[in-house]
Structure formats: structure tokens, C-alpha cells
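For clarity, chains are labelled A, B, C and D in written order, and residue numbers in each chain start from 1.
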């Protein structure tokens, strides 16, 4: 039986990598993938805790997170497609019209 | 997770059987495909290498191996090289979760009986006769113009080999008869042999999960080739496969609902036996009868999943040269080729398992013995072969669709039909019909 | 069936859903089948339930079928429950069967309309709501139906929403009804407060426990306000004539036969409460008499065929309230039933006339239709005789019973005589304007355009069959309530009185819900009614049978003041406009202008402050997503260090 | 022992490929690396006695979501987009924030001894248990998610329409 903490630390590392991606990359799709990475790190944590506590609630959360991630991927990618059609780029620094 | 030696041995045997089957699908199907298309198009087909062109596949393989391996200059080298392997992984791994025969308890000892004896003798006689026929045929065709030395040699070798096995078999028969019984070696006696590599509790999900990875091979190949046709093929393939995967999975849900489990061994066990229609007609309790709609959807979607005609948009040669593998040559191309046929084999086996009762021999309660194992194995192979034959038949009969029609069909026809199937099953289960 | 009473309103509700959701796509045949089919299904189910009820309960007990508990809060609550008792059954039969006939009629009448599915889905919804209203076992659940029929009435009045007047009329109906509903709501609050329940049975028990007094009087008066709104009594009657903007079958079903009688039903349903409060009864009777007389006089001077019938309806509803007010509840229900028959028949007949005339509603442009549309003519004639109180027709018995009861009421003798006098005069006017309508429409020469005359034709079978059925019911419907005077000698019992007896609970210390009228006043009234009916007939015939509209013109010349007063409906609409609508409008304008300025000013100030703050903070909004993400994560790190 | 071997192998794979996702300039490679990373996470789930979730992970993430990503990357042909470094402060702060986040969270994970609660309890996570839980305790979120997915479908359709109302207005309906 592998200790739960190791999974948590793995999750933390992956999450931090995701953070790194979100904060340093400019390619919208890559940022999006980093977000997915973070989501998965959280999923891992949920499942690790689910086993630790012997309850299914963590699993249910993961299930719903997956569904939400699927919805998010569909809409997010559609947004990027629309963005690309309008501006010929998906560099998020270029999409900065929404400010004062 | 503890193994002892017999366990490992048994698993190795299973893996050997399954791998042997799945790897042999490609050469056999290549021959079937070529001869079959020839049959359908009323032409001879490959008939030079080996009798009836039977070892044409080996010649093909030799050709693939010997061809030059080209890599386009603009290609993404790493992914270009990895892509064919991606394609192969799901094709090889999925079959691990498919039960291929009735399980049986390995007896402590083999005991001689008349059936085994008769089989051995008959095998000896048949081998001898076939050997003689092979030699005669080789001699006959070798005299004609156009026969290659290679072909003559092959024919002779096969003939001699067949004749040579005849006395061996006969000797085996004589020895076995005199000994009477042989103890099972390596402590295998008394073990239960479940003919499935990984009898996991999420069997069907595992299969869907692994087969859903198949698209990466295509997509990566298409993109890494740095070729527009390849790229279009890859884009098409990815859209097509995620569309049809939905219908495929949903149409299988009915099966799982009636079985109440995801484990494929259970799914098959539930289909053995019969149910009686209208109190008159006993039918095998196969899922195909109550879930005919789902079966049809699954069948059609399997064509899309394996990129076979009429859904082979990823490689539609009339439109985009050869699609995702336009730039591939030599053994890498052969890997795609193999992956396609292996995927066909796997999905045929899966279809047989889910809808046609897997290894179930209709109207016969297979005993948990070696005989039952063999018979059920035969049934399983027969069903899988049937589906494989239909793959070939359809390929040479039905023309390719238009791409928008493909999508429309997948989303607007097969997806609703798969849902309908679920509804039907959901109604039938509480009625006690399944 | 008795435990599945919910099915009766559910059938038309199903029709509403089917027609409303899929009707447009599935075409008129589908809509007709579903619309009419569900109505008839509900009628058949209702009849079956009645049959079972009769065989299960021999003494007219109240049968309650609880579907589920609606709500319960602080010991106060109510159920979703349906009830059957003799009163409900009478209403059920009238509503479902007359309703079904009108559904059938609508197939022919509305066939050329675009919003056919819309019409039928509303009509089905109306039927469902009406059934909830009459089958509901508590005031609150009945109120659901009460509001539901109000909604359907609104929708159907405004059916021709492309026109100007129809939506306005619908709105008017809705708003006026709201005033009444407000009274009803207050009555229910009082019930909740005093008795802790709004179940019919519980309220009755509670009221008996409390005894007569201001509370019961208050409840009754408030409930009567509600009834006034729904049943178009003074002063809330103004919506009903305008409601004629809706399709004619709607006028027949909602604004004549069923919905408008809901107020009468409510009063009769609460008869125990009313009997405890003679004050409330006097109010009911007097308002009823006033309305009857008032509307009847207006009806004399109207020229729109449907307007005449509308005022006639108001007037007849007044008669019902007279009956309810003087304590003759059986007479009220009796008149309700007969009125449903002949008024539905009249409205449907007028619809048939309008259909034949190609949309023309002005009786001055009709005339001589007798030979063109014979079926319509005959059914219309029978219904006219019935409403005018011609001897032995349906209206004769019921109206006669009402007037006799008014004369003999044991509650308030002197007021009773006044009411009787007003009712008698109203009956005379009724006979007159009905025959005027009849003769102007069917007798004499055709006064319309040549084109219209060419177009005249009898209506299709789907329209004439309901007419014939309803006309026959108008002719013989009175037989369910043969007066004792005749009944004794002929040995025919008063069926309805016997049937409704269990509803009129006997309570110690209170007068019974039914009282016998002595022979002498009954003879007087009966003879008087006959004479009045004949007089009205004769007078109308002499004026209108041959000479067309000449009499009206003469009337205008001779008595211009009275004529224009009647024609303009006593200027009630103008009056309301002046004393209610205008001041309210002015007050609202003042509120709007003054308070708006203050409140807006305060808000603007706050907004200005926020804007100023925002000007400072907005520098954080760089528009760059990564900046936001960076701030977020730095925040998270700080948060963890600070709080964990 | 065998388990540990698997864990460390796949943990290393997950971390390495996640790093590739974040660092690599080519989105296609990033996406494929993410697939590998997800796959190794699925292995983690198996190690955590949740094979069902592992299968779901592969089907949903690897089989559907990442295919969508790849599809979009290919569709928009984004493989060769240049990404010169601008905003050095943002870049620096980003790396700092990520690093400090990682240090923080790992520090607290190591520090907080919440994990030694005396051995894991009984943990059943087969399809039946999950299904019962989902359709009993979690039925409302389940339905809510179905509505969410519907909304996502509609949203995605409208956003990716070529002739949306927005573009039509922009083109003055001259299409």
C-alpha cells in the first residue's frame, strides 16, 4: 500500500507545473492544457483522499470534475477557434481589449 | 498480486494464444482481402506465391522489410517515428480483456481415449495426403511457364514437411495409447484455466479506454508527416473517431445493463443458455436478439472506428492520396497496415463477445473440460471470422460516403439509435425479458 | 375511479400539453382529435365517477380523494385533494358535457383560424382549471382553478391579439378579476386565521363552532367580492361585455355557461357561512337584483348580438345571486344549470349567425335569417323561449323559483319584496330584449349587403349538433326542478332539490338551506312570470317582427335621454375611468416623478462614488489574462501562508 | 515492492511529461505529452484502487478531450506559432509564483500530518458502488451536470459557427 501522501505530493507537483504553464505561457491552447493538468492534479488528490477516508465522495467529485472539464474543453476550444478567426492568433497577450 | 510459477506459465500460455491469434490476423486477412476482392471483382487475385497465393502475405512482409525507409525532411522526426507504434498499442492491448473460450479445470493427467486416438490418426493420414497433394500440385504448376523457382521451392518444402509430420503424429498416437495416461507437468494439474488475459472488473471500459487511444496514432502520423493530405486525413480521422466512439460505447451500454457488470467473462456467461421465444422457439440467449438495434449500431460504428470502407476517410485514396500514411513507407507503413487489421480482429472479437454470445456454442451447455474449451474456442473463432469476412465483403461492396453524410449519420442517426437501444433494454429488463 | 378523481382534470390538461407543445406541427386534425377527445374523455370519466359515487354513497356524503399534501407550515396547510358531493357533481356534469359540446362546436367555428392549436390548448387548459375549481376540496385548491380559469379567460379573450380591442378587453377582464380575487384571498386569509384550514368541511365546522358574528360576515362579504369579480356583478361587471372580443365559443363556454357561474358556485358551496350572516345574504341578494335589473335595461339598447347576450348573462347571473342571497340555494344552482343550457345555446347560435354573416355582429344589419339558417333559427328560438321564461321551458321553472323564493324569503321579508319587484321588472326586460334580439335577427327582411346575403349558409354538422343538443336541453332542462305546486299534483318530485339536500347542511340554530314557498306567492309569481314573458314577447313582436329597426329609431327620437343612457351603458365605463383610473394614473405619475427623482438621485450619488472608486482601482484591470492569473496565484500563496 | 516500482515509474513519467507540456514550444507535442501524463495518472488511479476512475480518465481525457485539443491545434495549424518572450517581469513573477506555490504546498503537505490517520478504511469503488452513489446521493448534481453539458454543446456550437450573428453584423450581411 503506497502512502497517500506520496500521491498528494505528486498531485502538488503536477498542479504547480500547471500553474507555471498558466503564468508563463502565452499560447492560449497551452495555457488551456496547463489548466487541464491542474484539474487532473486535483483529481488525483481527490481520489487519494477518497481511498484514505474510505468514502466515495471524492470519486464523485472527480466524476463531476471530468464532466465539467469536458464542457469546459468544448466551450474553451470553441472560444479559441472564434478568437483565431477574428484575430489570426491565439496569443492571450494579444486578446487584451477588455480593459479600461 | 502474487504469482507462482504455474500462474505465470498459464498467463504466458494465454498471452501466447492471444498474441498468436491477433498477430496472425494480419497475414490471413491480407490474403482473404486480396482473394476476396478478386472473387467479388471476378478476377483471379494473387495466385503466384504458394498454392492459391497462400503465402502472398509473407512475400508482402518481406517486401515491406526490404523497402527503403523514407522520412520527409519537414517531418517532426520523433513523432513521425513514434506514430505507427501509437497506432499499434490499442490494437494489441485491447484483446487482453476479451474471453476467448470456456474456462476449464486442467486435469491432473491426460488420459488416452478413442477420440484423441482417432484425431491423431486422422491427422496423420490427412497430413500425409495433403503433403502428397502439395507435391503433385507443385510439380504440375512448376512445369508451366511463368512459375518461379521460389514458388516451386515453397511448394516442395511444404509438401515434404506435411509428409514428414504424418509419422510423427502416428508415433505420438502409438505412444500415448501404450502409456495410457500422462501426468500434467509443471504443477498445472487442477488449476482452473480462464481463457482471458486480464479478467478485470472494468473489462469493457478498459477496452473502450484503450481503443479510444487509437486515434492518436493516426493524428500524430498525419500531423508529423508535414503533408497536407496527411494532415487532412488526421483531422478527419480524429473527428470521425470521437464521433463514432460515442455511438459505439452507447450501443454497448445495453449489453452491460442486462449483464449488470462490466466484466466481459460475466457478459458472456449471461449469454450462454437459451431463452424461449413465444413459448415455442428456443433461441440462444445472445444479446443480438433483444438488442438488435444496438448490435446494428455497434456494427456500423465499428467500421468507422477501424477506418474501413465505407468510412475510411482518414485514407480516402481518391481524395487525399493515402491520408495519414501518405508519407510512410517500409515497415512503418506495414505497422499501420497491421494495426488496421488487428483493430478489425479485436473489434470483431468484441462484437462476437458482446452480441453473439462470445464463445457460446448455441444449444449446447459446454462442459468445463478441455473438450468444452476447444469447442467454445472454435465457436469464438467462427464468430470472429464471420465478422472479419463481413468487413472484407463490405469493403468491396459499399462505396465511400461523403464526409458530411458520415458526420450526419453518426450524430443524427446512430447516436439516437444507440439511445433508443438503451431505452428498449431499460424497458425489457424490468419486464424480465432479458 | 373514485380514488382517481385527478384523472378528470388531467385529461384536458394532457390535451393542453399535447396541443400546446406539438399542435402547431401536427396539424388541425390532430389538434381537433386531441382537443375534443380529451374533453369528452373527461366528461365520460366524470360521468363514470358520478355513477360510482351514486352507487357508493347513498346519502350524498362528501367524498374526498387526497392526492398528496400540498403544504403544511406551522400547523396550517392544505392538501391537493379532489372531492365529489352532489353540488360538485351537478357542476361537473354541466361543465364537462356542455364544455365538450362547445369543444365540438369550436372545431367547426374556428376551423379557418391560424392559431387553431393555440385556441384548443387554451380551451383544454380552461376545462382542466374549471374542473379543479369545482372538484377541489378546499378553498385554496379551488382558488388555483379560480385563478387558472381567469388566466384562460384572459388568454382567450385576447385570442385575436392582432386587434387593438381584444388584448385590451383581456387585460380589463384580468385586472377587474384581480380586484375580486383580492377579496377572495382576504377571505381565505381570514379562514386560515380563524379556523386554521381552508378545507370546505373544516371551514364549515369551524364556522359553526364560532357562530354568527362579524367574522363570518366578513368572510362572506369578502368572498362575495371575489364572486362579484368572477361572476360579473355590480360593480365589477364591466369586464364581461368587453370579454365578447374573444371567439364566440369562448363566450359560450367561459363567459356564459361555466366560469362566470363560479361565483354562484362559491356562494352555494359556502351556504352554511352565508346562512349565519343575514347581512351578507342581504348584500348578495340586493347586489344580484340590482345587477339583474341594471344589465337587463342596458341589454335593451344594445345592437351587437354578442353584447346583448353578454348583458343578458350579467343579468341572469344577477338572478342567480338573488336566489343565493335569499337563501334559495337550490334555485340558484337550478338557474345556473338551465342558464348554462340556454345561454350556451344562444351564444353558439349567435356564433352560427356570425359565421353565416361572415363576421358581422350588428343585429341592425341582419334580419330575415330564418329561412337561410333554419337549424340555427329553431335552436335559437327555443333558447329564447327558455330564457324569457316562457311557460314550461327551462328558464320558466328556474326563474320562477327564484322570484317565488325572493318573495317568500324568511331572512328579510321587506327587502325580499323589493328584490322580488326588481327581479320581476328585470324579467320583463329580459323577455323584451331577448325577443327583440330574436326578431331583429331572424324575422323581417334582410338588411345587410347583397354580398352577405349571397354568402348566407347553414353551419357544418360539428356546429349544429351541439346546438340541437343544447336546444333540447333548454327545452326540457327545467324538468329537473318542477315546482312543488305542480309537482304535488303531478307526483313529480323536485329532483334537484332532493339531490342537493345533503349539501345544505342542517345546523342547529340556523335556518335550513332550503325553504318551502307557500302556494299563494308561488301562484302569484308563476302567473306574473307567464304574463310578463308573454307581454315582453308581444311588445317585442309588435315592435320588431316586421318593421326592422324602426322601433329603435322611434325610441331614440321619443326618449333620447333614456335611450342614450342605456345605449351607453349608464356611462359606467366612463365613470370608472373618471373616478378610479384617472386619479390612480395621476397619483402614479406623481409617485413616479417625485419619488423617482429622490431615489434615483440617491442611487446616482452612490453610483458616482463607486465610479470614482472604480477609476482608481481600474488600473489593475490590464486586460491581460496572465496578469490576472498571476495576481490570483500570488494571492493564493499569501493566503496559504497566512491562514494555514 | 512491485507497486512502488510502478508508482515511481509512472510518477516520474507524469512529472516529466507534464513538464514537457508546460515547456515545449510546439502545442502538438504538448498535447501528446499531456496524453501520456494523463495515462500515467490513470495508472495512479489503479494504484489507488479506483480502476473505474482510471478507465474514465483514459476515456474522457485521453480519448475525448485531448483529441479535441489535437483536433483544434491541427485545424488552426498552430504548431509553428512563435512565442518570443515579452513582459519579462510577468515571466519572472510567474515563475516565482509557481515555484513559491509548489514550495508552499509541498512544505505544508509534509508538515501537516493529516495523512497518518491509522491506515486506510475499507474502500470499494467498483462500478456498482459508484453508480448507486451517483444515482442516489448525487442525483441532483448529476442532472445539473447534464444541463451544463447541454449548455456547453449549445455554447460551443454558437461560438464556432462560421456565420454567427456577430460576424454577419460585422460584414453588413454581405456574405
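We adopt the following convention: contacts are C-beta pairs under 8 Å (C-beta built on N, C-alpha and C of every residue); 3 or more make two chains touch, one makes a residue touch a chain.
What you see is a predicted model, and the numbers here were worked out from it, not measured in a lab.
Undergrad: By the contact definition above, name the pair with the higher C-beta contact count: C-D or A-D.
TA: Most contacts of the two pairs: A-D.
Undergrad: Taking the mean of the C-alpha atoms as each chain's centre, how many Å separate subunit C from subunit D?
TA: 63
Undergrad: Suppose each chain is reduced to the average of its Cα coordinates; what separation in Å results between subunit A and subunit D?
TA: Using C-alpha averages as centres, the distance is 5 Å.
Undergrad: Can you give the whole-Å distance between the Cα centres of subunit A and subunit B?
TA: Chain centres of subunit A and subunit B, defined by C-alpha means, are spaced 38 Å apart.
Undergrad: Between subunit B and subunit C, what's the gap in Å when you average each chain's C-alpha atoms?
TA: Result: the chain centres lie 75 Å from each other.
Undergrad: Got the subunit A residues that touch at least 2 other chains?
TA: Touching at least two other chains: 19, 23, 26, 93.
Undergrad: Residues of subunit D that contact two or more other chains, please.
TA: 3, 52, 56, 64, 68, 75, 87, 90, 93-94, 97-98, 101, 105
Undergrad: Using the touch definition from the top, which residues of subunit C touch two or more other chains?
TA: 624, 626, 630, 633
Undergrad: Chain pairs in touch?
TA: Final set of chain pairs in contact is A-C, A-D, B-D, C-D.
Undergrad: Can you list the residues on subunit A that touch subunit C in the complex?
TA: Answer in residue numbers: 19, 22-23, 26, 31, 92-93, 95-100.
Undergrad: Tell me, which parts of subunit B touch subunit D in their complex?
TA: So the residues of subunit B in touch with subunit D come to 1, 76, 79, 200-202, 205-206, 208-210, 212-213, 215-216, 219-220, 222-223, 231, 234-235, 238-239, 241-242, 245, 249, 261-262.
Undergrad: How about subunit C: which of its residues touch subunit A in the complex?
TA: 618-619, 621-626, 629-630, 633
Undergrad: What residues of subunit A sit close enough to touch subunit D in their complex?
TA: Those in contact with subunit D are residues 1-10, 12-21, 23-27, 29-30, 32-34, 36-37, 40, 43-44, 47-48, 50-57, 59-60, 62-64, 66-75, 77-82, 84-85, 89-91, 93.
Undergrad: Help me check something: in the complex, which residues belonging to subunit C touch subunit D?
TA: 624, 626-627, 630, 633-634, 636-637, 640-641, 644
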